[in-house]
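Before any comments, here is the structure.
Each chain carries a letter (A, B, C and D) given by its place in the written order, and its residues are counted from 1.
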Amino acid sequence: MPHSASSLSDRRAPWRRALGDIIFGLSSPAARLYDKVLIFLIVASVLAVMAESISGLSPEWKAILRWAEWGFTVIFTLDYIGRLLGARRARRYAGSFYGVVDLLTILPSYLSLLFPGSQYLLVVRALRLLRVFRVFKLARYTDQAALLGEALTASRERITVFFISVLSLVIVFGTLLYLIEGPENGFTSIPTSIYWAVVTVTTVGYGDISPKTGLGKFLATLAMLLGYAIIAVPTGIVTVGLQEAKEARQGRHCPQCGLGKHDTDAHYCKRCGENLPG
Amino acid sequence: MPHSASSLSDRRAPWRRALGDIIFGLSSPAARLYDKVLIFLIVASVLAVMAESISGLSPEWKAILRWAEWGFTVIFTLDYIGRLLGARRARRYAGSFYGVVDLLTILPSYLSLLFPGSQYLLVVRALRLLRVFRVFKLARYTDQAALLGEALTASRERITVFFISVLSLVIVFGTLLYLIEGPENGFTSIPTSIYWAVVTVTTVGYGDISPKTGLGKFLATLAMLLGYAIIAVPTGIVTVGLQEAKEARQGRHCPQCGLGKHDTDAHYCKRCGENLPG
Amino acid sequence: MPHSASSLSDRRAPWRRALGDIIFGLSSPAARLYDKVLIFLIVASVLAVMAESISGLSPEWKAILRWAEWGFTVIFTLDYIGRLLGARRARRYAGSFYGVVDLLTILPSYLSLLFPGSQYLLVVRALRLLRVFRVFKLARYTDQAALLGEALTASRERITVFFISVLSLVIVFGTLLYLIEGPENGFTSIPTSIYWAVVTVTTVGYGDISPKTGLGKFLATLAMLLGYAIIAVPTGIVTVGLQEAKEARQGRHCPQCGLGKHDTDAHYCKRCGENLPG
Amino acid sequence: MPHSASSLSDRRAPWRRALGDIIFGLSSPAARLYDKVLIFLIVASVLAVMAESISGLSPEWKAILRWAEWGFTVIFTLDYIGRLLGARRARRYAGSFYGVVDLLTILPSYLSLLFPGSQYLLVVRALRLLRVFRVFKLARYTDQAALLGEALTASRERITVFFISVLSLVIVFGTLLYLIEGPENGFTSIPTSIYWAVVTVTTVGYGDISPKTGLGKFLATLAMLLGYAIIAVPTGIVTVGLQEAKEARQGRHCPQCGLGKHDTDAHYCKRCGENLPG
């Protein structure tokens, strides 16, 4: 976004603009320091949520984690308020993916104050674990995600086709093995058999359910070989998608006729002969 | 298909043509609504077949599912009749892949009327589960499947070579481990050992059979590393196949000399200099 | 091979040449029929060896399989003699990969005549199972294997680097987990731990050995993620190798300056301007 | 490195330079023999460390392995001293990755002399197993590693994005299954559940922990399908990265304007028309 254009429509007070530059900015020293501190805090807070779940923690550790959690909550609350104040459009931020994540991951701690003694209720426990969604805040700091995103978007339809094929495959194989092996061999229902088929086709292979009859093993063998070969399909799709996305990025557009896809080292438009910029 | 040509040879009555346009069509609003409703019904009916297999269902749910099944059967029967009437060549449709699937997946319900009380016979149960094949009806709605199909067709021979190599590998490894480990370690016969080899080479790894002796483990290690590296081969094949299929699609043909493979932004045929269309 | 040149140096009698054309040939109707019959017999004989290993076979089936095996042995012996007689250089054939396989897979039956009652000795049983190597005879009939072979040959060094990396990885991870988990958790020795590491890095995951301690699980997690990401490397290598092999095949060579890598649709050499053939 | 330039700044005595040529050189017959002997010794010494860990070794074998270990230690010590003397900059070598590995893998044997009878202490045992790191010495001999290295370096950022995505995925799935399945089904804490998620997403699938509830199985199914499809991403990244690295290598640079990325068969710079060398 060109700076001249943005400042025209920007009605934020100067201090809010400065705040926004630090919190949302990427290049100034202050903004980079802010980002680094926040990445550290996000990772630390996720590790704290994990640590809390370990049974047999000593009371001292539990106390430390409780205090740390309050520290994280306060800091992320300040960060959230800062983002609301510093954003050019506070509402847009609040409604965005990151705005929702930022809010959702500070709420649980405050809710536990409203309902004291309730931390053993499932809903509250579930809410508290929402804090682990803080990892999604990290996505902010990954520039290159864009290229991957473009490749996946360009391949959206082919990926859908792939998933429908895999789903059909596991439904059919699951139903066949439910019929052949039956409940006595662990294939207690079609959904369970489909679970087995997914475990098999994706080559995970827990082994909690496995075919016992000869025919079942033969069909399982087919499912494995298909799964083993089918993995090639999304890989091919993503590879071709990545190449397309990269070429689309590299290609420069002719200012006269608008043609894209010029070589990065071309000097003249290959259609109209216009001098290419840059 | 150009419309002028098709209407000449089309001897269907106007109402049958209109019906065919709704059922087989892809672009008119009525056709798209019809497709959406059908996709919903297919998914719902497959879920119903799955739900039926869960043991411990309450009698109420069983009744609901039985009625739902009759609803699906009636609707799919009407769809089948509509397709027979609306198709330009009813016989060709009836003999096609989709025609057979459409028929096979409505038959089981009617058969259960002919043989009352027989729903516990294996053959009937098997037939009833055929209804799950309705998922294949979804393939109708996946445009992009064509490109994948072309890529796979172009790579057909190489995929065959790949499968023969993998089969040889699992046969040899299965036989070797049958010899080394023997029935006392779970490798009860060569087919069972080959089942183990497929489980291993495809990296599924259930663990229901695994080598116990040192030499067996060493050979298993080799099989795993081979399987791990070999997966690269179908992936490479499909990726190169996808690129070929895409290039073949993009390439425009010269109206004068027939040469294909022109760049998408070329204005003149690179062989004969003819102006390229489009 | 141009026929005129070959017949000059060919000192076989006419009937041996005709025999050779049928057995080794690929295009004449007799040769193609011979190939089809042999492929069928190879598959049947491999299936028979497998069936023989199933315990609990009825005596009738055992007799049938024994007779079938003698049938296969006689036919493959005639095929071997035919190849020796029909080959342009009998010694070269006998010493080639296929010659050795052809001989090795008929020997066991004759050996069992020399040492009657010995079919339960391990060495003899091992020899008899050699017959399963007949699957390798199938490789003769796979044209497209050549392109894959070229791609793998072109990528030979990179694949070696990949295997050395994976081996170093599993040795280091195996040793670390032997140290951390120790014999009490199933990691009884470094070779066993390396077996576990291969099972893990290749994503097979039997589960016969798995880490129990926290630190062991953490390291196992690292090994899995590495294995999951590293699979991308051979895939990339083979894909690029396949593209290279395909391009090298497609490229035509200039008769004047010898330059290869011309586009398949080029009419003139892009270096010296010579007319390209074909 | 051009020889004339290097000898100017090279203040090593002639015998040290000759020693360095043998030890560090790659092309002279003596250097190649030295490399081959060393590769053999590295592999042998790693195998010896592994063999030592097998319980139930006879005292004779233990003695042989102890003596072999001293032999390896002496030879690798001489190699280390030779490298220090023959290197153009001894300090730089000593501080390099290989210098540290070379030192670390001879130290344990000498330490066991200083602390006799201590070979059962964990720290000493850990140190002794460091000797297995000798496999890393092999990396010296793999030329082609460079191309792979370049491809990985070029894809560094995208690989980081991939790993952050996978980590976020396993953290979220691990937390969800901890909540749904709970300690009674083996998901005893969030770290353990994340271990399960990694086992699942990477398609390893030990089966030591697996979901028991319907909802847990459904979520596990999603995790598997995601893991199965996501593997396509690093593969695409590495393939595109390898192609880039290869093209960058092949491209020749124009001596006049410095432009790279010329076709390998181009005669003139496509930007400035200068004659290209070679």
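Rule of thumb we're sticking to: a residue touches a chain if its C-beta (ideal position, glycine included) is under 8 Å from a C-beta of that chain, and two chains touch if they have at least 3 such contacts.
Worth saying up front: this structure is predicted, and the values here are computed from it rather than measured.
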- [ ] Indicate whether more than half of the residue numbers at the chain A-chain B interface occur in both copies; give same if so and different if not.
- [x] different
TODO: Would you indicate which option in B-D, A-B or A-C repeats the interface seen between A-D, with over half of the contact pairs matching by residue number?
DONE: A-B
Open item on the list: For chain B versus chain D, what separation do you get between their C-alpha means, in angstrom?
Closed with: 42
Open item on the list: Can you compute the centre-to-centre distance for chain B and chain C, using the mean CA position of each chain? Integer Å is fine.
Closed with: 29
- [ ] Pull out every residue in chain D that's touching 2 or more other chains.
- [x] 162, 191, 194, 203-207, 227, 231, 235, 237, 239, 243
Open item on the list: Quick check on the complex: what are the chain B residues that touch chain A?
Closed with: 46, 49-55, 122, 125-126, 129, 132-133, 135-136, 138-139, 142-145, 147-148, 151, 159, 162-163, 166, 191-192, 194-195, 198-199, 201-208, 227, 231, 234-235, 237-239, 241-243, 246, 264-265, 267
Open item on the list: Which residues of chain C touch chain A once you look at their complex with the stated criterion?
Closed with: 203-207, 235, 239
Task: For the chain B and chain C complex, residues of the former touching the latter - done: 157-158, 160-162, 164-165, 167-168, 171-172, 175, 178-179, 183, 188-191, 194, 200, 203-207, 210, 214, 217-218, 220-221, 224-225, 227-229, 231-233, 235-237, 239-240, 243, 259, 261, 270-271
